[in-house]
Amino acid sequence: MILFDLLFMLLVAYITGFLYYGLYRNITARFQRRLGPPVWQSFLDSIKFFSKEESISHGWMFYLGPVIMMSGAIMTLFFIPLFHTGESFKGLSSYGNLFLVLYLLVLGALGNALAVGASGNPFGVMGVTRGLSRLFALELPFYISVIALISVSGSADIVCIAASQTEWNAFAYPLLFIAALFSFVGMMGQAPFDVVGAPVEVYSGPASEFSGKFLALLMSQSAIFTFAKLVLMVHLFLGGASGFVELLAKSFGLFLFVIAFGAMYGRFKTPQSIDFLLKVPTSIAIVGLILATWS
Amino acid sequence: MSSTLFIALPLLFGFATPLLSRLGKNALAYTSVLMQLSLLGLALSLLLAHSSTTVELISIAAPLGISFVLSTASLLMVLLFTLLMTLFSLYYLFQRRANAYANESKFFTLLNMLLAASIGLVLSSDIFNIYVFFEIAGISAYILSAYSKTALALESGLKYLLTGAVASIFLLFAIVLIYLHVGSLNLAVIAEQFQLLPYNVKLLISLLLLIGFGFKVEVFPLNFWVTDVYQGSTSLVNALFSGIVVKAYLFVFFHILYLFLPQGEFTLFLLYLGGVSMLVAEVAGLRQTNLKRLFAYSSLGQVALIFVAFAMQNIQAVQAAFFIVIAHSLAKFMLFLALASLEKTEQNMHIDRLKQIDSPFLMVMMFLAMLSLLGIPLFVGFVGKFLLLKSLAVEGMLTLLVMVVVASFIEAIYYFKLMGYMLHKGTRSEKVEVSLGEKMIFVSLGLSLLLLGVFPMSIAGFLQNAAEVLLDQTAYITLLVGG
Amino acid sequence: MFSEIKNRFATDDVEVKRKGLYKVVVKHERLFALIVMLKEMYDYKTLNTITCTDWIEEGHFALTYIMTTLKRNETFMLQTMILREEAHTKSLSYLFKQAQIMERDLHEMYGIKFEGNENLKELSLENWVHTPPLRREFDTLEFVNNHLTFRDGRDDNIDTKAESKRLRAIKKAEKEAAKKAKESKKAEDVQ
Amino acid sequence: MEFSLYGLSDIVLSLKVTALANFFALLIVLSTLTVLFIAPNYRLKRSFYLLFTLLVASLFLIVYAHDYLLFFIGWEVMSISTYFLLSFTLSKEALHKYILFAMASALSLFVAILLLYSTQHSFLYEDAKQSYLAMSDGVQQLFTLFMLIAIFIKLGTIGFHYWLVDAYEESHNLFTPFLSAMLSKMGLYALILFVANITQATYVLAVMGLLTTIIATFKAIEQESIKRLLAYSSIAQLGYIVTVLSVADGMGGALYHALIHTLVKLLLFINIAGVIYVTQKEKLSDLGGLIYKLPQSFVFLLIGIIVLAGMPPLGGFASKFMIYTALLDAKYLLLLAGVMFSSASAFIYVYKLIYGIYLGHPTHKNLEEVKEVPWTFLAPQYLLASLLVIIGTFPGLVIPYINRILGELNLTLLSFETIQTLITSYAQYNGFVVMGAFGGIFVLVLMMFMLLRSKAKKPKNRFDIAYCAEEPNEATHLHYGYSMGQELKRVGLIHLIAKNSSKYFYDFLAKQMQYFSEVVRKIYSGNLLLNFNIAVLFLIILLLWSLK
Amino acid sequence: METGFLQEQKVLEGDLNSENSHQNSVDFLMNWFRKQSIFVLAYGTGCGAIEMPPTFTSRYDAERLGIRGAATPRQADVIIVSGYCSYKTLRRIIRTYEQMSNPKYLLALGSCTVNGGMYWDSYNTIKKLEDYLPVDMYVNGCMPRPESILEGFIALQKEIGEGKASSWQKYEENYEFYRKNQEAVLGKKVEPSYEADWYLYEGGL
């Protein structure tokens, strides 16, 4: 039964992820006053890369890196329940907790970093450096918000946090939500925090050496991972979800916001983004935390 | 009778040197060692034979005449002095063939005079006698200091002489005042009546005594001459100065103090004087690059530590003081002997020389001595320092405690600097030859440091006994004057 | 200044092209002394460029050093001749840093050796083993025809000069024919 | 076992076997054995082993002592024997630095225990609490100050870490694992005793711990020498423990993390020792691309850094989880955020470490000829790595043992159900499921991935990389990431950390001290007349002051 | 005989009008995916590169056809040789082309790639790209407008869909020929130092 659940979750995440990505490209195109590709374009891209005749592998660590990333993404997905009510589609969330999920979020990044390092491409490592440098600043506001939520709800279990919301946390603790949103935009790799994979500056950064099926795996991973992160945010801040429609509506709304945000802003340099994240969202989060836990 | 022997034998030997030197080239050296060995044996036998507090009292024409008291406390000092002097003579014997002093008979005279005077200081129970031995010790020390007749040695001898003269003037003045007011020179009699004197007189006498002895016990503002003297004298002689002479003065100073002022009116003053002395000495030693001077500063610091311990005026602290006296005497003796070994080849005593020396044995021995001086556990130095600091803590003298600890830390800075120099990695060019006999002396000293550190209980009882005796004013008076 | 240059460096008169633009032809062995003098005494602190002209008929290269002073807004052109066969001169890079890359360019394109310039690697070509391409004995068209293949049907890869001459001749002939015709017409009209 | 010292009846000493002592003794045994395993690779003098034995003996004395005097004696002997052990390789300055800090630590410990003695006349741990309570407020503060200085110096807490980094960097590769795994743990042991027996200096520990973790993490990011980097990492990891000890129920997490940290630092330093042994290079900028030469070592370092970063599914996450929930329990939320922040920052130096050594390109020709490290280096790594994996899979395995210690210290026990789960009041997680899920998913994905039609091809030449169409060669600077994290200095806050150093403070102190010494030395310049005057004046002033 | 532009036109149309090749259903499916998703290497090799930004951005929006840019050759399917090709550029193009993973396509823009164009007598510019690298599609013009580039892409997509765009196979098969030509202009000792990848690559992990 649980295997079926997991498989279903994976399927949902895969399809939804690619759909979201297609929509993302389409919507961004509309922002730029053009038609944009069809919704399933990302899926086509991924299949195309899978069907490439050859892929360059720079040794076993390079080969395993994308696999680790994929595993990390699937793990993240499995340890976040799809719905906070009911029995089904809980995944493995009862065996884990929010701290675990927070760490699983960066597991993929580690796999990626190792693979890029093994490839020996300096541009890739530049991208990884930027990513890791940005990572801690990115996580700080998110951590503070999450800690506040855990403290308020009295549990580090995602289901409990989702269920404990009488009104959405986003409205109950708006400052925490705003701070977490900043981080979330960065985590989704959106502008203004998208300096990691800048195509022209660092030759598309970490992805520079991935070809063929490796890249395809990375794309699938990114789709699943995106969905998992969205679900996490929905559970933490948007009152959770008890059905597919609710889940998709909430997560898509959030996704739309992130896209819109990304489409509107330019790109920060690495030190700029760290500086910004350490100053503005962190301060907001600290104030939010104090307000949330004052009593 | 034995206590007179301690004084008379070396004194006589000193005067008999012209005769003995005619017997043969080596006769003087050997007889000297023999004489000192017999004294050591005597002291040991006394130690084993008597367990009571007072060992012996000898009076010649009491109460105005000469009298000696050989108590447990003074026996301890006598034992230490004879032991060190014997080791010194043995060491000199071993290195004599290569590095004999010029005009040896004079040297032996002075040596034995020094011993006699030191023991006399410890044993005398009569303030004028004390003054006499004070002068004898002083004069032999001045000459020994200037013995090598280099410019530095002569300077140091002269300085020693000048300060010694000033000190004896103060002391003499104090004695005159005491005699004027008490009418007796016997320590017991003075002790009985000292309390009754008017405050001003008491203060004046105390001050004069303090200044008089202050020069000799190397307490802070009066110890400016020490470093120069140590630098000028040979290292061998320095071993005597820091091992024997200072200890004798210290003992007698506090002996008199305990007798005259048993209530400890000046305790606080003396304690802080000691604390400041220690701090100043260690701070001044921080940047020193001449080994002899450096050890002189270290001596000042350690002596000040002993000063503090004695000034505490309670049994535990005095016991601690005895521990430190032993630890310091042995360790400093060892260090100066090591320096003497270095001095055989070259006079340069800059610390850079330590980088060049290729003698693991000497180095290990110096490490042992230094670690003991720093009060590292497993060495006897730790026992003394620990007991002292413990009693300071119990008495609640936290400022002084911190002061002593800070001074110890500063001492550690330069001692570990020396060790760093010795552990220097690089080629070592200078071989130092240490003969088997010398090695034996070093090893016995080092082993005693370690053994006493690991098994301090073997002498702790004896030391406590000595401390009790030293502090017991009434018993002393009873003994001398009679109930 | 001009007279001093003329006397000390045995040059011709300094030619004033227009206000603030001077040119002088100097013997090769005196060139560097003159440059130093201009730089140190007359504030020509800037070396704009070094150009080379290939006088294949006379058998020498004309190197022109163009220097500018911003103080008076004047430009000085120093021309010197070096033999084509030797194609050898001293480097100016110790005086002007920028000369290094200019000389590198000249070395690549004309094969002139600059003594004292440490880096005379190729600047814009790679692995060029033929005659330096800007020497006039290097026949571009011949080179292209020898080394590269053309797609069939390209009939304009012929000598443009000859072609334009031919075309011009045809045009001229036509023109003259027309003129003649006109004249003859006129004559007829007059008649 | 109780006995008295020096035949003095007022000093009672005691040796006692407690669960806490056993815990640390176990760590000592483990470290000693693993470290001695790699010893045959080096030619060492006999005196080294002699001193090493003395050191281990002193560690046992520290651990099993049940009164502060024996503890102090062990502490001093440890410091001194470490001094002589370090003297084999350390430069004069680093050695001097080490011993000065060690002496400062020992002497302040000395003062502290004497202060403790002064009230109740006992050195025993049982009486420590009463002794502390019997002190006046000022003395209490003084005592805490001295005690914490002693402990912080050994722990290398920020501000007191000046000696540590140099000592780690220059110490013998055989000795560094021991230094990091054991000697700093003795500071921790002292701190645990202090917290459990005497008082929980909450705010001091919290602030110092947090500052330590954050500052040391960013300092570690800057480093280019492997051992320096790991030294700062050690400081930071111990900072977590200091932080968590500041809260009431933090002991469990602290012990757990102490265990994990010992294992992982042994693993890492032995790994590094192996790398240095085969390459003779100690700088990240001189290494690189060793992954295909030393594949086993690479895997062990990977395990090490995963644990160090606290990533699931290995043991590092378990201890981090304990620390986080303990802080959460005490409602130290911002502290928790700070700790998590520094934990996230640790990714940078951790990646820098593995990249600089194993990934990227070899920076020297001779790096392409090295062989896998000898098995003597690998064997202890196998042991340590498997221990870490086991703890990761069964995070509850050590809870009963920790509970025994906690019970002995009269602290709240940790909840325990099965060895697979780790339960705290806020959350639980199942290590077995996490490990199993990760393994299963990994294998499945890998199999499916390998079945794909697209052929994976490996370039023969390491220069076949997408490099903007250029052709890199030997001379091209391709090993980029070893200087990773330099751009962080452009961020104001981090620049502040990078720029400042306790070095400046200690240099200033030393300068002042020397100046003072110069002044004081004037007294001993030999000018008799002047001195007489000074002396008499001083004496009179002092006398009047003391008599007033 | 046609000259100049007319000749280029002939080359273009001649390629387009060849007969269909047979392909099975798996190939068909895969070719369909490849056709739908084309990643173009963002590498401006000549003056024609100036026409590429409008092609990809809002005005002409190539993305609606599934065509988008890729930064590195590892990810790209198509490389555009946009215009004249000096030796120095050719070397980079060859390396880049060889770094792309199969299947890969080459789109040549402008007259210069066809027959040298206005650089027909330059000593430093190659005249016929297909001697050095296999070309799938020429788009002529000097420079071709974005419309024609898009048209070229659509034609390329059509060929890919039919399985006819097989220049990469041609390159592998006739490698000796291409290499000889490359060495003729780039010199003997010339890189790519890693030689031809597929000879030397080892399979597997």
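Some points to look at:
By letter and in written order, the chains are A, B, C, D and E; residue numbering begins at 1 in each of them.
Operating definition for what follows: a residue touches a chain if its C-beta (ideal position, glycine included) is under 8 Å from a C-beta of that chain, and two chains touch if they have at least 3 such contacts.
In this text the structure is predicted, and so the values were computed from the model without any measurement.
Taken together, chain A and chain C share the touching chains E. Counting only chains that touch, the fewest steps needed to get from chain C to chain E is 1.
Central chain assignment: D. Criterion: smallest distance from chain C-alpha mean to the mean of all protein C-alpha atoms. Averaging C-alpha coordinates per chain and comparing to chain E, the farthest chain turns out to be B. The greatest centre-to-centre distance from chain A, using averaged C-alpha positions, is reached by B. Interface comparison, A-E versus A-D: the higher count of C-beta contacts falls to A-D. Per-chain Cα centroids separate chain C from chain D by 72 Å. Once the centre of each chain is set as its mean CA position, chain B and chain D turn out to be 46 Å apart. Separation between the centroids of chain D and chain E, computed from CA atoms only, is 58 Å. Our note on geometry: chain A versus chain B, Cα centroid distance of 79 Å, whole angstroms. In chain E, the residues that reach two or more other chains under the touch definition are 72, 74, 99, 198, 205. Annotation for chain D: residues 455-459, 464, 466 touch two or more other chains.
The residues of chain C never reach two or more other chains; the list is empty. Every pair of chains in contact is given here: A-D, A-E, B-D, C-E, D-E. In the complex of the two chains, the chain D residues touching chain B come out as 6-8, 11, 72-73, 76-77, 80, 83, 87, 92, 95-96, 99-100, 103-104, 107-108, 110-111, 114-115, 117-118, 121, 139, 142, 513-514, 516-518, 520-521, 523-524, 526, 528, 531-532, 534-536, 538-539, 542-543, 546-547. By the touch criterion given at the top, residues 50-59, 61, 63-64, 66-68, 70-71, 74-75, 78, 92, 95-100, 102-104, 106-107, 109-110, 113-114, 117-123, 125-126, 128-129, 132-133, 135-136, 139-140, 143-144, 147-148, 150-151, 154-157, 203, 208-209, 212-213, 217, 270-271, 274-275, 278, 286, 289, 293 of chain A touch chain D in their complex. Contact residues on chain C toward chain E in their complex (touch as defined above): 124-127, 129, 133, 138, 140-141, 143-144, 147-157, 160. Within the complex formed with chain C, the chain E residues making contact are 1-4, 7, 11, 87-88, 91, 114-116, 120-124, 126-128, 131, 184-187, 189-190. Looking at the complex, you find that chain D touches chain E at residues 455-461, 463-464, 466, 469-471, 473.
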